[in-house]
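Take a look at the following structure, please.
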């Protein structure tokens, strides 16, 4: 099933990538973005590795299959393509974004021992799909970082299965993954989770909280 | 009484909305903006719900009557239209803006037990209408967040009646509401209150204040 | 003596004002900027009061004489014109800028009891005119805020006479004044002092400094 | 050996300089940027001293030889040209950038007694050339600031020889130097080190880290 004409998701994601860079969430060629182009068979469009997100263009995306093999485009797919594929399969996501922000890095480290961050009481939570009240208790799983992508994908898969309601997860000292059922929802989830991570991080800095 | 030709307030507010987004005060489709188009009968122009403020356009506003019923435009009005209507009626406001900034979220939580934030000693206070000195003591009421809009509107109405001098109020863990007698004054009040909330929040982080 | 053709300082200062707004140093119509157009007799071009700095234009400046009387232009001069005139007379400044940043507001309050902020050990100090080493000890006088402009001008005049080397001063809970012998030097002094105020303010937030 | 046509490195570095200014890493005419134009004999293109980085242009670079003597262009080379030359010679760098950010200033001061900052556990480290894992332990040497450029160059040379793996160094209370084998790598190293310095600095502000 084709979700969009080929040029569309790349245009949307390239603009989102440049905007992440501008906010400091994707400096130093960090971060990657993907979208499902077709479900059966699975085709994912994803940023090539090592791109400067300040000038990300639609033509810098690659198409890969369910195993991560390149179908189309030049360059090498991101080393983290395996994580995007896990998310797309487990969550029926239309798009996945991964950012490296200062606050996600800090908060993922501060809360690593609890293996997750619990967020509640904030109106912004209602921007996450299916959340109806600020009293909702969102769990953002935190997974230890690992350079072995096969092992890391397995751990992420287990944690996502345990936390069915999660709208994202953190890799410790690394960054945030989030996704959505549409491109727009993915952008919204990203902005909301980054906002909440900043709120949580800054609250940790309060002397008399 | 018509305050402006129909296209004007929407153009001003759309630009203000995009600028709020750029400053991180309206991420993830949060925030809403409104202006009075006519007083008798009351007609309010207000952002439709769920809009990405990064690309807010004049055409994305709706016109509603005093009960919140849509008179013109497509989409659904913001769930918080009831709060805008309360402000417009009690304060004779020409416009109302509601933002979700990191600092308003944090400060509204830190000072929730006192049910308000008292701000004094800052020159910036003089940008609030009617304030003549930095020695002015501004009270920013803090109201507990609630998903029941009828109940919340009632509480806001009571608090605003108690705090006649307030130029805005905070919903706990949610964000800021402010207003003005003109569009320009509304923008000014917003910038001043967000500035002061950041100052108050950062001062809380000082080890030796 | 004419320092520049009439259009030049206003163009430079309007752009500087918009850039101050973008950095959050002149929100809510705060801040004002001036330049000397002629020395003998003294003619100062200065922003009219109440302008939104996000869209500051060269045409929004007024010309005033040594007593602050308007010679040219429409609108009212800033209430703080008297302070600009004090600086221009005492320091032979070609331009004066006054900003309201979050960090100058916080730091002016934190260090108010010492009546000044001593800054040393930073390479950035070398951007201040006449400073040759980071070991320089810069004193930034802090003056209590006052709505009586005549009285405040007198206090500022006394403090500036005491601190001959100062490149700026702070009004408590209010903001920064700085100046320069050229427009470019004024911009440089502003950026350097705002930078150093942020460094000093953030260092205050360190748990183990 | 010519690395690029003459116009290229200046165009790249001018854009990088303006982007550093926008992020607040090169305010008040601070910061400088250079690139190797030829290796044998060594020709370096470097920003003239005292330039406002908000409007840095390719034409504002100078060409100097291995001793820092100007070969081409008008204006005076940065006083810190000697440090650029040390880096270019010891590290075979194609480009060098020096920034003055708030966080590098603060962190260089906080960790000065240990004479270096050790950074580990962050995925962002992998953006540094040759680093394969977040478990890498990066040492960022910290050198006491000095206005005697000959003496300072000597100290930097010694410290870089001791820390063969370092991708940058800090001058205390002054700022960051980093470099790369290409222009793009230099930009990447800059963004990564500034990011990590902000993470380290903010973590110091945490009450319960």
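To keep things simple, chains are lettered A, B, C and D as they appear, and every chain counts its residues starting from 1.
As a convention for this text, a residue touches a chain if its C-beta (ideal position, glycine included) is under 8 Å from a C-beta of that chain, and two chains touch if they have at least 3 such contacts.
Given the structure is predicted, the values throughout are model-derived calculations rather than measurements.
Visitor: For copies chain C and chain D, work out whether under half or over half of the interface numbers are shared, and give different or same accordingly.
Guide: Both copies, chain C as well as chain D, present different residues to each other, with under half of the numbers appearing on both sides.
Visitor: If we define chain centres by averaging CA atoms, which chain lands farthest from chain B? Would you check?
Guide: That would be chain D.
Visitor: Taking each chain's centre as the mean of its CA atoms, how far is chain A from chain C in angstrom?
Guide: Spacing between the chain centres: roughly 44 Å.
Visitor: Would you kindly tell me how far, in whole Å, the mean C-alpha position of chain C lies from that of chain B?
Guide: 31
Visitor: Please list all residues of chain C that touch 2 or more other chains.
Guide: Within chain C, residues 205-207, 209 contact more than one other chain.
Visitor: What are all the chain pairs that meet the touch criterion?
Guide: Here the touching chain pairs work out to A-B, A-D, B-C, C-D.
Visitor: Flag every residue of chain D that touches chain C in the complex, lowest number first.
Guide: Chain D residues touching chain C: 24, 27-30, 52, 54, 100, 102, 105-106, 109-110, 145, 147, 171-175, 201, 204-207, 209.
Visitor: Within their complex, state which residues of chain B touch chain C.
Guide: Per the stated touch rule, the residues are 19, 23, 121-124, 127, 132-134, 184, 187-189, 191-192, 194-195, 198-199, 202-203, 205-209.
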